[in-house]
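Across the two complexes that follow, chain A remains constant while its partner is chain B and subsequently chain C.
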Partner chain A sequence: MDKAKTANNNKTHAIDILSVTKIYPHRTHPVTALNDISFAIEDNEFFTLLGPSGCGKTTLLRMIGGFEGITKGQIQLYGEDISTLQPNQRPINTVFQQYALFPHLTVFENVAFGLKRLGRDRAFIQKQTEAMLELIRMADFAHRKPNQLSGGQQQRVALARALAPQPKVLLLDEPLSALDLKLRQAMREELKDIQKKTGITFIFVTHDQEEALTMSDRIAVMSNGEVQQIGTATDIYDHPINHFVATFIGEANILSASVTKINKNSIMATLAAGGGSVEVATDLAMTKGQKISLMIRPERVKIGKASRAKSALSGVVQSISYLGTDTQLHVSLNARQETELNTGQSNGEIIIARQQNHGDGGSPFHKGDAVSVTIAENALRILQD
Partner chain B sequence: MANTSERIRWYPGFREIALICLVILYAPLIIVMIYSFNNSPSITIWKGFSFVWYEEVFFGPESAKFKQATVNSLIIAVLAAITSTTIATASALAMIRGRRFRGQAMTFGLINLPLMVPEIVTAVATLIFFASIGFDRGILSILLAHIVFCIPFAYLPIAARLQGIANVYEQVARDLYATPGQAFRLVLLPMMLPGILSGFLLAFIISLDDFIITNFVKGAGVETLPTAIFGAIKQGIKPNIMAISTLMLAASFILVSISYFISRIGNHDR
Partner chain C sequence: MAGIINQTSKTTDGAQTSIVDGKQHILLLPAWLIIGVLLVIPVILMLVYSFLTQDFRGGVIWEFSLEAYDQFFFDRGLFGDEPPSIEWTYIGIFWRSFLQALFAMIFCFLIGFPTAYFIATRAPQSRSFWLFLVTIPYWVNLLIRTVSMKFLIRDNGPINTWLLSGGIIDEPISMINTNFAIQIGLFYSYLPFMVLPIYASIERYNFALSEAAADLYSSRWVTLFKIVIPSVKPGIIAGCILVFIPSLGAFLAPDLLGGAKNFMIGSLVEEQFKGQAGDWPFGAAVSMILLSIIMVILLFYARAQIRQNDGGH
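Right, the complex of A and B next:
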């Protein structure tokens, strides 16, 4: 292998996924778990694989760890091909979903397990294991057995056990899913903190979008064995590339529209519902008359008292849900106002709006109110499918 | 517990049936135990408490015969238990941790066949087999026969234990730089140990107790404790037999209890 060259090219990448495909063979129904995916994970990054169950995120993680074979393609660690190495030959450790602490060993022996297998000298093992127990604030529990620990404590020991051998990359397979909500939130902070302190590249698998948004430097959204979009939390939330990403992360209104005018860095489009004309920034190639899907987040839809202002859409409040900090309104959009014949008739399209509750008593609107609907400037996004 | 006993009280007659069953099962044992301490050669008339029959067992004219039989029984039981436990552990690993293979269900059936086949059939078949290949009958033939029928008894607790251990433990070990051999030795084997020990003890007891197969495949002059007892009874029941039986019962009871507690301890740390 031309080590020097590849190492140079990918010097900064912790992991390179190169055209990786995974097919589970079967006589009649082979299953494609991953379909020719490629991307890179940077050094010292908190990287999250996010997707619904069955999207291939865990399969990919297990392939990086060495627990699943690769049907086609290559996985590189700092520029070196690790595709054919056994799990024990990879400087990569995993925190498994079930913790799986060794029940016959003490907390200390569990954390020291990897270091012993690596043949480190005793003084170093002692020092490193103690440092890890200190890091997870479990130094007092060193001589307990795992069955004497709570779920959260077991989780932290599993983390320390995987971190102790100082892996180049740490894999985390939904490690928080078995914890209750409060503990989960606390562990998010702790994980993020530990990643910063240790400087180890974390690859985190989850189906929980909130977890992904709050912890990650970058997120890869996956579905059906493919990577849909990679970006920071704000990239993915504010600029979802397609229908799947828009609806999987947060709530989204999808409005159909048709292109009426092409400008240099934007287009003009007419909404199918309500008929308002909107300007949308884009650098995609478009043609006049093309049907497109536009996305807007509920918090960027403004609801006001019914008005005669021309640019506003109008509608009728269908339902109101009080969410504590916010109130969510479902508004059915009226057909275009300019056409007198159709005034007041709903065309069936619903737009969701979310307003922050500033004072007591929630929203000033009630079910059945006629309202105006305003779309914030620059809040519409074109979805690619 | 109170709950359970109350629920059983709902079914009229259950308690009486249970009591009758227990009496039928244990009354003869208790009588044997009591009369082993009888200060009389009679096996039915109580003449006061004494250890005379235990002295007879250890120091009487027949003591040499029983000692030799006991030594034979222990040697056979230890060797049969070690061998069958090893084979059973390997089979459990292949059946539960190995890849699926053709004929897996049939293999499971074969491993457990000695539990289902009437013992007398196995005994006759084994005797015919040894005779037809010209195998000398003696301690070795008894040992081989015992190994075979002890395998399922060792297999069942080991397989049950192994089934309860998730694959992820070995994966964690591999992830933490253990070779496949180290993952087995340092993680899987210690986790299986309670099952292996209780399988070993069960096999040991079964071998120690066996009469039918042993009686068929033993050579002339070679006795195990059960066959020696049977031989002694043919000349009339003497209370020293009761003393031996009581000693065997105590040994079995202790071993079965140990086996039970080991598997309970094992289940606790899961």
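Right, the complex of A and C next:
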């Protein structure tokens, strides 16, 4: 977020969100939907706002579109303050969640609507509308009414309608959430493709992490009216900065540990469960004895035959689930080996591991097996909480 | 009223009715009875009367005659022996009534639409309060309301007295016995019939459409005319019909507020059935002609509705 603050005066950003706060007034229970957030969205970027329901994604999108007032702060479009402009004065268009197609107008008239209001000449409107219908492969449906279209088709018309006036920024509020799974996956590709073709900055809202990871150039993970982390899909998945991001995106094992040694670009830490000593790369300032949370993704936890090697943790398989591409194991970690109290007694902490299947009958392990647990090198991340 | 409003709402699930198929006819009996006794029989009665001969002591003689219709359309001179020419008196009354009803409908729309829009955009919990306010005058009988209106607008009534004492006017504005008075009466009588169906339509209107229009560079007025009004058109048409038709046949407001020279259809019919001087077949014929005109209007409405529902063209 420091990056965003220093970049405020950079005119090449498509959108700058500057210390924006939104409070919905209410006599007894005013709601703070956004709490002093700042960040920038680059020109020509597919930018995603990702977060659980109620975290303020729609509110932020509606403020950018001009449908919701700003309690405090400023929103800029290519360096110009647009905070006080009406929606019809902003060169920004929206694909609404429930599409909001005009029911009494045909597909063609819906798509041409914005161009007509902008007073473009007839020939241009005709040409541009046809090009948009071509782009979404709906040219054959130009004279249908919206209620004669399937959900996926309505979705595409809503997209064409918003793209036709060639906005500087396109806002999309969970546009795929009403579609079934197959269609949703196909539309992901199509949306991404259209964004590349048109070169328009997309701001895409979703609560679906898979959608966010597959489509976005960058993702802002939000919770409780605040931006938790901004980065590419790999940044966010591999280097989550805190507990919320780590657990919201994918699955995560969170292990508590304490710092035992401080090196130049890494630290040594002892895990509270299992007691193994691990090295973690970090450039954060740490002190010896500090309690920290470490995160590791299940696919980076290796399960092997029980061994007496000191470096490995040991545990007991509690459950095995077959997931098709992977098998997921829940392993309860044993108490520290050094104390020679290895009675197979679990200390309660569970670590989740995922092993890829190779079509040879699944995992070699069974419930109740004693196993060794190895953590891949460089797989641990320190979470700031 | 409910019927016209319901046309625009979603029909209920058809599967349910087949379950009760057997008992359904018994359950429908009260409805059929009411429609039969209160609607079909009176209309047939009027239709029959309109083809009978006038009894000069009031009532009818049971003898077939086209005299009533002939009297409406043709002038055969004082003794009925001249070659027929078109009789303009009654057509004139119909035309005046038509214009009165049309203006009442327009005024009701101009005031009723913003009112309905206002109510439908309040917080849900306060809407019923506003609707309640709209319906309050209906706790009082129409006759009493119309008489009160007469009292209000007469030359020495409160409105003129107030305007005079305020120095706004020098002499009373004569409102009573004018077309203006009839308009006030009709407007006041039928305004809720405009407000309620439009309110029902706007309440169902998806306001995201207005946001989408604003998003696509529409001003408020463009949004109103291009998106809101076309979307709630069924409610507007229902409201217009519900105001126009009773205004066309109204007799209380024209009678009490319009005076003798501003005769309308309702008063014409009423005259024919009043006292000894009435002409029952003629009154029935006028009613049947009015009914036919209304049927034609409704037929056009229904056809437009069907064409719209087909869509796609």
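Operating definition for what follows: the second predicted complex is superposed on the first by the 374 of 385 C-alpha atoms of A that agree within 3 Å, B and C clash if a C-alpha of one lies under 4 Å from a C-alpha of the other, contacts with A are read in each partner's own complex, and residues count from 1 in each chain.
In the analysis below, a residue touches a chain if its C-beta (ideal position, glycine included) is under 8 Å from a C-beta of that chain, and two chains touch if they have at least 3 such contacts.
Given the structure is predicted, the values throughout are model-derived calculations rather than measurements.
A.B. asks: With both structures lined up on chain A, is it a clash or a fit for chain B and chain C?
C.D. replies: Verdict on chain A: clash between chain B and chain C.
A.B. asks: Per the contact definition in the header, classify A:P103: touching chain B only (first), chain C only (second), both, or neither.
C.D. replies: Both chain B and chain C are touched by A:P103.
A.B. asks: Please work out whether A:L118 is in contact with chain B alone, chain C alone, both, or neither, and reply first, second, both or neither.
C.D. replies: A:L118 sits against chain B and chain C alike.
A.B. asks: Output check: A:K182 vs chain B and chain C. Expected answer is one of first, second, both, neither. What do you get?
C.D. replies: The answer is neither, since A:K182 touches no partner chain.
A.B. asks: Is A:H358 contacted by the first partner chain B, the second partner chain C, both or neither?
C.D. replies: Neither: A:H358 stays clear of chain B and chain C.
A.B. asks: With both complexes superposed on chain A, which partner does A:K264 reach: first (chain B), second (chain C), both or neither?
C.D. replies: Neither chain B nor chain C is touched by A:K264.
A.B. asks: Contact-wise, after the overlay, does A:R144 reach chain B, chain C, both or neither (first, second, both, neither)?
C.D. replies: In the superposed model, A:R144 contacts chain C only, not chain B.
A.B. asks: Taking the contacts chain A makes with chain B in one complex and with chain C in the other, which residues are shared?
C.D. replies: 65-67, 86-88, 92-94, 96, 98, 100, 102-104, 113-114, 117-118, 145, 147, 161-162, 165
A.B. asks: In their shared complex, at which residues does chain B touch chain A?
C.D. replies: 166, 168-169, 171-179, 182, 186-187, 190-191, 193, 268-270
A.B. asks: Under the stated contact criterion, what part of chain C meets chain A in this complex?
C.D. replies: Against chain A, the touching part of chain C is residues 206, 208-209, 211-219, 222, 227, 230-231, 233, 311-312.
A.B. asks: Going by the contact rule set out above, which residues of chain A touch chain C in the complex?
C.D. replies: Result: residues 65-67, 86-88, 92-94, 96, 98, 100-104, 106, 113-114, 117-118, 143-145, 147-148, 161-162, 165 of chain A touch chain C.
A.B. asks: Where on chain A is chain B touching in the complex?
C.D. replies: Residue list for chain A touching chain B: 65-67, 86-88, 92-94, 96, 98, 100, 102-104, 113-114, 117-118, 145-147, 161-162, 165.
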